Each structure stands twice: as C-alpha cells, then as structure tokens.
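Below, subunit A partners subunit B and then partners subunit C, in two separate complexes.
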Partner chain A sequence: MTVIEAPKPVVRAEYRPAARRSNFRQRVLVPYLMLAPGIILFVLFMAAPIIYTLFLSFQKSQVSGLGLGSGSRTTTFAGLDNYIASLSNPEFAASAGRVLLYGVILIPVMLGLALLFALLLDSRRTRGSNFSRTAIFLPYAVPAVISSLLWGFLYLPAVSPFYFVFDKLGWDVPSLLASSAVIFAISNIALWGGVGFNMIVIYTSLKAVPTDIYEAAKLDGCSEVQIAWRIKIPIITPAIVMTALFSMVATLQVFSEPTTLRPLTNSLSTSWSPLMLVYRDAFTRDDIYSAAATSIVIALVTFAISFLFLRVVQKRAFGQED
Partner chain B sequence: MAKTRVFRQKPSYVSTSILLIGAAYCLFPVFWVVMAASKDSSELFSTFTLMPSTHLWDNIVELSAYRDGLYWRWVLNTALYAGIGALSSTWVSAISGYVMAKFAFPGKGKVFAVLLMGVLVPGVILAIPQYFLLALVGLTNTYWSVLLPQIISPYGIYLARIYAAAAVPNDVIEAARTEGAGELYVFNRIALPMMAPGLVTIFLFQFVAVWNNFMLPYIMLGNDALYPVTVGLSGLLNQGATAPAMYTLVITGALLSIIPLVVLFLVLQRYWKVDLAAGAVKA
Partner chain C sequence: MRTSFRRSAVALAAAAVLLTAGCTATDSGGASGVVELNYWAWAPNLDQVVDIWNEENPDIQVTVQKQDGGDPAITKLLTAIKAGSGAPDLIQAEYQKIPTLVSADALADISAQGAGDIESNFADGVWDAVTLGSDAVYAIPQDSGPMMFYYRADVFEQLGLAVPTTWDEYADAARAVHAADPANYLGTFSANDAGWFTGLAQQAGASWWGIDGDAWSVDIDATPTEQVAEFWGGLVEEGVVNNTPMYTPEWNAGLNSGTQVGWLSAIWAPGVLAGNAADTAGKWKAAPMPQWDASAPATGNWGGSSTGVTTQSEHPAEAVKFATWLNTDPDAVAALVTTANIYPADTAAAAAALTAPPEFFSNQPDFYDVAAEVAQTVAPFTYGPNVNVAYSAYNDEFAKAAESRQQARFIEAVAAMQKITIDDMKKSGFTVK
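Entry: the complex of A and B
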C-alpha cells in the first residue's frame, strides 16, 4: 500500500508554547505528511488517469509499411480528429439518445415515488412505516449486477412467475426483453435499486424540519396533503434537487445493467449506452484513442449537465439567495 | 422515530397500503430468488417459479463444486476488495479530513478545493483511464488494480472533515500535544475513536461503492480467480446463454451473495444517516 508513514515530530511541548506553533515543521511538514496518503492516491488514481486520457485523446496510431512487427505502429499527434470522429459517430448519437430517453423515463418516476414514499413515511397516520422503510431501502444493498440478474430472470418468459400467470390466463404479453421494451426493463432495474436510497435522502431532510411548523398549520385547519404541498415540499426542495442531480449523473453512466442483461436478450447492442461504446472501442476494437476521446466527451457532458441544472434550479428554487 | 403524539390520529389505510405495495415491489425479487434457488435446473423451467422445492442444498453443493470452489474464491475476493478497500479508504479519508479540519497550513484552501472537484468526477468515468494508466506499469489483472483505485474517496474526505470538526475538540488535541504525544498518535488514538460513529457511515458508503463498482474489476481483471462475485456471476450468466443448466448456479450464487450484505445492512441500519450534505448515489 502507498501509505507514507508520517514521522512523529520530535517536538517537545516545553520548548514551545502550546497555542501557536509557528515553525516550518509544525505548520507545513506535519499536515502535508499526514495528507500524503490522500494526495498521492488522488494524484495517481484520479488526476493522472484524467491527464493521461486527455493526452491519449489527441493521439492516433499510424501504421507504417505493412503494419507487421512491433516497430511498425507509431503514434502521432491527431489534433481534434478523435473528437470529430467520436462526435460524428452515429452509434454515439444513438447511444446518447437512448440514455436520454432512459433518463426521461427513470428519473421522474424514481424521484416521484421516492418523494411520495418519504412523505407517507413522515405522515403520522401511516402504520408499519418502519417495516416499509427498511424493505424499500433494502435493494440499495444489492449491487446493480445482482439486481439485473434477478430482474433479468423475472423478465425471461421461461422462468418468470409473471409470464406463468399470463400464460395461464391466455394472455399474450410481449417480452420486456424485446427491443422496443428493453429500455423499460432497464429503467425498472434502476428504479428498484434507486428508489429506496432517494427516499431515505428525502426522508432524512423531512425529519430535520421542526414539527412545530406542522402543528401550527394543523391547528389552522390544514389537511395532511396541504401540509405536504405547501410546507414540506418547499422546505425539502434542496434535497430533491440533489437527488435529481445525482440521478442524472448516474443515468449518463449506465453500464452494469445493460451489460449484465446482454446474455439474456438480443436487443442490447455492444454500443447501447455511451460507456458501453467506450468499453467496446477500448477493448474489443483496441482503439484506445477514440475511446479516450469519447470518455472525455462523456465527462464534459456530465459536468455541463450538472452545472446547467444547478444554475437553472438555483435561479428558480432559491431565488435571490445566491 | 419517537415523535410525541399531540393527539392520536386514526390510521390511514391509503398511505399505509401504498407503502406496503412499495415494500412488496422491493422484496419481490428477493423472495423470488429464494424460491428459485431451491429448484433443480429442470424444475426451474417446468414448475411455477414461486413454489419452493427441495434442492437448495444440492444447488449449494453443486455451486461449491463448480471448478473447485471458484465461487467461494469470488466471495473471498469480494470481501477483500470491499472490506480492505473500504477500511483503507475510511482511514485515508479520516486522516485527511482530520488534517483539513484541525490544522491551519498554507495551501489548505487550494488542496481542499481540488479534492472537492474530485467529488464531481464520477468513478465509472475513471475506470477506463485507470486501466490505460495501470496497463502502462503492468499492474492490470492483479488484486492491486481493483483495490488501489478505490481507496481515494473525495466524498469520504469531505464527510470526514465535517465529522472531525464536530467531534474532536481542539482542547483535547492541544492537551495531548502538551503531554508530548506525536501527531500520528494523537490522530490514531484520540481523534479516530472520537470520529468513529461518522466513520462507520463513510465505511458503509465506500463498502457499497466498491461492491457496486462492476466496471473497474470487469475491465482490469482477465484471470477469473481474481474476480469479485459480481463479475464472476455475470460471466456465468454469459455461459448460461448456451448451457441453461448454468442458470441454477447463477441463481444460487446470487442468493448466497446478497445474504451477507442484507445482514450487514440491517444490522448497521442506524448508521445510514443520509442528509443533504451526504447525498451520494450508487452508479
């Protein structure tokens, strides 16, 4: 492990006043040595990969001669070629479109349900809320690959209890794994895994609101629904904004669910989502230069969306606050 | 939970049942996998899948026998990646957050700002770049390639800074220094225990993050003896496309892999304090 041992400073308390230590060792060396593990790991595994990917994205591989032998491939500066190729690749546009649609389906449903569940948990008229809260949060403990496996089997007509029932009833229900519906199949997996977590985030912020506000409204004759709409939702708007932001970022990176489902269906291409496309370029096609450029594009789009979203929401929800 | 009831309100069946429907939706796949794991491979395709059968033990034996217990190797690998990874990550986050909260040093603002930018960088986006870089130094397809990149957690550092500021009084640190204790000793023996409840939350977040990160081990590892359970089961499912008998193994493996997590999750439930500052989402 790259843990650097911070030396124990041979500082004796009697040599210096305890309140203000101003020598170099105590003020600079000690804090930086203690930060060293974090800084080194950050540089090695976050900063360096990003910089190296930027570097790769401006390179291309050139084959000289017949392209045989180890010396025949050289890399040259490519300028923006990889970016132009990546952005004009119809597969990239198609995968971006699918992910956009996926987000439009998933995020409103997931956050709407999370908000509804959180408000119901917070209502005093709800019974059994501890059980429901735990049960709805439980899928958070199941990793995306395992939940995709479970749902994948539930979608598979041969083993699914749903299709068993549909069959007995004589209904002909098309498979969710068919190409027109597979996006709903994936959205459902993400909904199952994410609704509980978002519910807990919203519920925690509801709990932080002092209850006297509700009591006052109640005495004034407000119904539970009115209290929810007029008081609770406005107060917890920041929490909802954050959950929306994190959900959007997660949506853009969807990879595990479609990759896991692929063996069960023919409707998922190797370029279904942008990240799957990057994976294919880097590992199946061995074209790390375009994969690097596409990675950078995805990262930039993620940043841009987060930034724009926060700007828009801050203007509308938090008004003059900023 | 314990709210003082000003006046007893009559229960609402509508809100109670909406939540119960939500709970049923969330528990259903888990219930299904328990039932399905009790069937042998012919029953899986021929009987109603919610009816239990008697072959759970046989399936476990068969799974354990698969390529000399490869599955259990995956379980151990997962425990190693998520357990050791999350422990190291928690310690690194704790010491970094503690220094940020309790030391005044030149460049502190800049260091923290750069680290905070890291919170915005989604881990999954980093996986492929990390592969390129580790391939340069020949570290891919090793335990290190999955373990090391997941120790740094800017978000954990951010949380640890908040916990350290709130939980560790300055007087205590000063007192220990006056007694002649070294800085590392002060941190490990005095500050760390004080921060413990918050650190459990950081540990849990990181544990789930590592356990959930499918892409990194999927990319880094070629040798299936190094796989975590997630990558291993996804590979088994791939084989199932041509050999449906594999499905029973996949289903049993999925069931066994979620049991320890669900237990860990229920036992440590009270540490899931997810407030606004602690907003994170699994990718």
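Entry: the complex of A and C
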C-alpha cells in the first residue's frame, strides 16, 4: 500500500506527532471510512454469499439406509461431483439452448425498437415527446411477475379480449401458450417491459450530443434520416453496446416470466430456463448443493459471454473516443 | 387450498421465511408447572379450536403460531431442525410431507405415547400415510381429502346421462358431453396437479413408495398408475377431455360459464366451486368416484393434513395428548368442522359433526352421507422421502404428454417419473430395492 508513507524528512521534529496523526487520519482513515459502507455492503451481500455458494457447491448430503430418524443424513465433501452432474445434465443444456434462442429473438427486436423510439423522440419534428417517453417507459415500472400475470390473462383464449375479437371475426388464432409459440409469448412480455428502459438510456445519450453537429450536418444538406443514420447512431454506439450487454445478462437470468406463466400451460417445464432449474433443485428437490454448483456455472458463463462481447465490440464502439 | 397461481408468491414467502426462521424461539415449561406448547399451523381459525382446549386444560397451554401455508411451514421447520433449535412442539403437516420430515429427523415417533391406540378412528389409507406402513406413528391425522366426482346435474339431466359408476362409463359420458357441445368437457387432464393424479393412482391401487425391510421400493411404473395414465392419455388423444391445467383463470371461467361440466376433485371442492363458479350454485352434485372395479369401491386422497410432534419438543407426552384430543374428541372435531372448515379424518366424529350439506350444495341434502361413505374407502398409499421430486417430475413429464395429445406419451411419462424418482433416491444414498 502506498498510502502509509513515512513522513517526509523536511517536516520539523516538533510538528511531527501532530502531522503524523493528521496525515494518518487524512490519508488512511478518511478514505477508508468513506469507502466503508461500500466495502461492508459488498462483503456482506456479495462476497460472503458467493464464497458460501462456492463452499456449498463442493458438498453433498448423503443419506444412509432408509434415511428415517436421526443421524441418517450427513453432509460430505463432494469434490467436483456437483459440477460434473450439472454440466452433464441434459436439462441444463436444453435450458441454456432455450435461453439463447430467447435472447436471439428478444435482444435485436428490443434494442431495435428502443433505438427507433429514442431517435423519433429526439427528432425535432416530434410532438408530445414527454408524454410518449413516459408512456413507453411506464411498463418498465411494472414488476415482471405482475406483467406476466397480465399477459397470461391475455394469452388464455377463454378469458382474453383479443381472442374474443378474433373469434368474432372468425379467425382461428392458435394459442401463444402452445409449445411452439410460448417462447414468443415470453419474449413479448420482456419486450413490453424492456423497450422503455433501453430507450431512456439511448435517449439520454442522444441528448448529450452537442447540437451544433446537427446544425453543421443540416447546412451540408443532411436529411433527418441521414442525420440519424450517419451521425446520431455512430455517436451513441457506446450506449447501444451498454444496453446490449445489460440485455444479454438479463436474458441469461430470465426467471419471473416463465415461472409465472408455468401454471397456465403445459409448454413450460420446471427447468425451462437455467435459473428455473436452479430454483427447482434448491427448493423443490431440496438439493441446495447441486443448485449452488449450477449457479456458479451460470455466473461464470455470464461473465465469459459479457467479457467476450465487450472484447469483440470494444474497438468498434469505443475506438473513436481514444 | 391449492391455487396454482399463488405458487410463486408462496415460494417467495418460503425464501423469506428461510431468512427469519432462526429467530423464533421455543420457550416451554413455565416455573408454575404449566406446560407450554407451540403449534405451527395454517388452517383458518384453528386458534379458536385450541382455545377450547386451553380453557379445559390449564396445565397444558397451547399457542398457535399461524403459518402462511403447507410449503412455507415445512421449509421453516426443516430450517429450524437443521439449526438445532427454534422448532415448535407441534406442526400441521400435509400427508405427502411426512416422509420428508421423518427423513430430516423433524418428526418424533409418537407410538410410545399411545398414538397407536386411535388407529381405528381413521380410514386405512389415511393411517398408512402417518405410519409410512411401519410400526412407528409420526403424526395424527387431522383432515383428509377423499376424492369424489362432481358434475353438473342439470346438464346430465338435459343430455339424459346417468352418473358414471365406472371409468368406462365416465369415458362414455365424456364423449357424450363433448359431442353435444364441442366447447364443453366433462373434465381436464391437469399436468400441473401432481396431488390430483396421485389420488387417481391411489384409487387404482397404486402405492408409489414402500418400505421393505431396510430398503425403500419405488413402484410408480406398475400396473395401477400405467392403467390410469393409459385411460387419460386415451381420452386426451380422442379429444373428449381437455388437456389444459386446472386453477388457471381460463379453467375458473369454464367452471362458471358451464364449459367444465364435471370435476374429479375432493371433499373440499364446494369451497372452490363457491368461489369460482358462483353462478352455478345449486346445479352441481357430488357422487362417489367412477370405479375400476365396481365390486370393490375405492377412492384416493387429494389434500389433507396431520398433526405431528417435532423432535425438538421437550414435552412429547403432553403434545400427543393435545393432538389426540384435537383430532378425535367429538367436541374438538365439531369445532374443527364449524370454525376451521375442514373435513375431519376421524370418520365417526366427522359423520357426527357433519349433518347439513355445504351451502353451495344445498340441493343435495345427503352430501355428507355420500362423503362419509366415500371416506371409508380411501385406498392405502405410502408416500416416500422425495415426493417433491416425483411431483415435479409429474409436472414436467405429463405436461409434455398432455401437450402432445398422444396416449403413448402418457405411458412413457409414467416410466420417466419412475426413473427420475429412483435416480434421485439412489443419488441421495437411500437404500433402494
């Protein structure tokens, strides 16, 4: 640590004790004191649970005989057993595959719409932009469980006003909760909730662009569309990359929407997404140990994907800032 | 009782409970010689029944600590057992949870305190659930959920249908109902309700787990369950019963609008029907379940719970005395019926306490006579230590089968359930035959 330095020799002897004390206070104590809330919260609510999860993931509960009565259940060291079981579980691979597909469907549509809305709001000709901005952002304020319940009602043909209209029109619209379409049903809920948030991030970044650039472009004969395409989008690329990264992480962690919709349909299994699998193992199957191992795997994969993504796009997105 | 829509909320509550469970302390045994017992229960108004006991027994005072429901209470208890303290003296436990609790050393064997003496008060199937088919007694049955067949009497009359007494007749009735109006179904095969399917398998003679010496046996893929799966798979493939889950907004609407013409449910169905299908009051009737063998009537259990004494209780004798009173004393059982609205497991006391039909079934004065007759015929069934695993396997495997609408997939689902359940037990280290 470079902060605890010996007092410099130029300081006179009679001032030394006081100087040292105040030096120590200012250079060591105060910064750490200011950091303390952050450090304590991090240790208590991030580091400790992660270490405990790691600890759990190397253990297992072992039953002997009938497993009835006292002393029939012991916790033993499992080595890598839980990790091997979790990685070789076909359900885990299947859930990862579903979530990847979900991400491929959701992220481009969500970011595309968010960018489109942000550009429209930023356009000079737009009227009522405050109202539109709030209206588009509002679904983000609805918790995922609530929005899934709302959409769940709308997806069920017998109680959905949409299907009532389809029926009156004589259209035979298949249920969105059927196994072939359920991934779109879930994507739609996430889309509804997520577009507004991403739009605000992109819009804020657009607002930070100095307007004289637009003036110059206009003088050079750029249309609004050309300004958007050739000036705005390249400038806000870092914001788009950020929203893409957040969306990818959120996608890998999808849980509330499929869990809430599950009782309504046969198409969603208890291991539909990786986190649902973790939840089932931990709380339904009472196997907290293998759930811990799967959680660690998911965290590592999320980290690796985020890191790779940033590496790939970093040059393009942030290159011009350097 | 079992609203699927609330499950995620319940699960969240369970997680919250995990965090707080360590804070509850049991203080028992006052200086005055009064024994104080804590009782975790979630049945509504149970504290009012316990008040009767407290008045009559100043030496044994019981305090009900109200729980959120069956699952959270058990999660909380298991946490307290792992922690080594904080468990109550008594716990309300659903039948299918008992092996899990015994396996976690949470429930005490109370046969030494005389709990075995009241065996004759209960139907065999119910008693089996609290003994796990062994000589031990792990809880005293409180309420039961014998399954019955509920149907719209007005629709049956209109179509000239007789009440089905066998499953073949049920299939014919299902065809007739669906043929008369393609929007209507006599029933639905719900892949979301493992307890419902377990009851149907129990009726057919299945017992999914068993204790054989010092080894467990798992018999899910045996004839009775396969027979039930084949029957429902056939009806779903034919399209004469629905394949969507129960307890969805759609299903609730169907009960009320009349597209659900029947419901294979349990004794507590009137409450659900009154809540979801208020417009159809007075149009429903209850009958015994359709039978596989009409000469040997049987039924299954869907729901119901018991009173267990925990291993952390310092006063097991007093706890058993109270639990015996609560579940077999005529006054207590009458109070359970009127204030806690449950169907008592004690068959004789139930018959004495239940005379007038539920309000929703005021058109059927003999409702509880039918129920009492049915309750006697609950078939024996042993639950195992990983019911939770088998139930979630049911959800996943039968959801796929129901979605495919192929009979063959239903039979495959039974085999998959067997494999998942037995693999889990072996992985945990249970001795499995």
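Rule of thumb we're sticking to: the second predicted complex is superposed on the first by the 276 of 322 C-alpha atoms of A that agree within 3 Å, B and C clash if a C-alpha of one lies under 4 Å from a C-alpha of the other, contacts with A are read in each partner's own complex, and residues count from 1 in each chain.
Rule of thumb we're sticking to: a contact is a pair of C-beta atoms (placed from the backbone, for glycine too) under 8 Å apart; a residue touches a chain by one contact, two chains touch by 3 or more.
Note that the structure is predicted; figures quoted are calculated from it, not measured.
When the two complexes are overlaid on their common chain A, residue A:Leu100 makes contact with neither subunit B nor subunit C. By the touch criterion defined above, A:Leu308 lies against neither subunit B nor subunit C after alignment on the C-alpha atoms of chain A.
Residue contacts after overlaying the shared chain place A:Phe153 against subunit B and subunit C alike.
Once the two complexes are overlaid on the shared chain, A:Met46 sits against subunit B while remaining clear of subunit C. By the touch criterion defined above, A:Thr284 reaches subunit C but does not reach subunit B.
After overlaying the two complexes on the shared chain, residue contacts for A:Thr270 are found with subunit C alone; subunit B is out of touch. In the superposed model, more residues of subunit A are touched by B than by the other of subunit B and subunit C.
After overlaying the two complexes on the shared chain, residue contacts for A:Ala216 are found with neither subunit B nor subunit C. Residue contacts after overlaying the shared chain place A:Leu300 against neither subunit B nor subunit C.
Touch criterion not met for A:Val173: it reaches neither subunit B nor subunit C. In the superposition on chain A, the residues of subunit A contacting both subunit B and subunit C are 145, 149, 152-153, 158-159, 256, 259-260, 263-264, 279, 283. Those residues of subunit A that touch subunit C in the shared complex are 61-73, 145, 149, 152-153, 156-159, 178-179, 256, 259-260, 263-271, 279-280, 283-286.
For subunit C in complex with subunit A, the residues that touch the partner chain are 4-5, 7-8, 11, 14-15, 75, 78, 99-100, 102-105, 109, 132, 191-192, 211, 214-216, 243-245, 247-250, 253-254, 259, 311, 385-386, 388-389, 391-392, 395-396, 399-400, 402-403, 424, 428-431.
Across the complex, subunit B is touched by residues 1-3, 6, 8-9, 11-13, 18-19, 27-28, 30-32, 34-35, 37-39, 41-42, 44-46, 48-50, 52-53, 56, 113, 116-117, 120-121, 123-132, 134-147, 149-154, 158-161, 164, 192-198, 200-201, 204-205, 208, 211, 215, 224, 238-239, 242-243, 246-247, 249-250, 253, 255-256, 259-260, 262-264, 275, 278-279, 282-283, 288, 291-292, 295, 298-299, 302-303, 306 of subunit A. Against subunit A, the residues of subunit B that register as touching in their complex are 1, 3, 5-6, 9-12, 15-16, 18-20, 22-27, 29-30, 32-33, 36, 44-45, 48-50, 88, 92-93, 95-96, 98-100, 103-106, 108, 111, 114-115, 118, 120-122, 124-126, 128-133, 136, 148-149, 151-152, 154, 157, 174, 177-180, 182-185, 187, 208, 211-212, 214-215, 218-219, 229-231, 233-234, 237-238, 240-241, 247, 250-251, 254, 257-258, 261-262, 264-266, 269, 272-276, 279-283.
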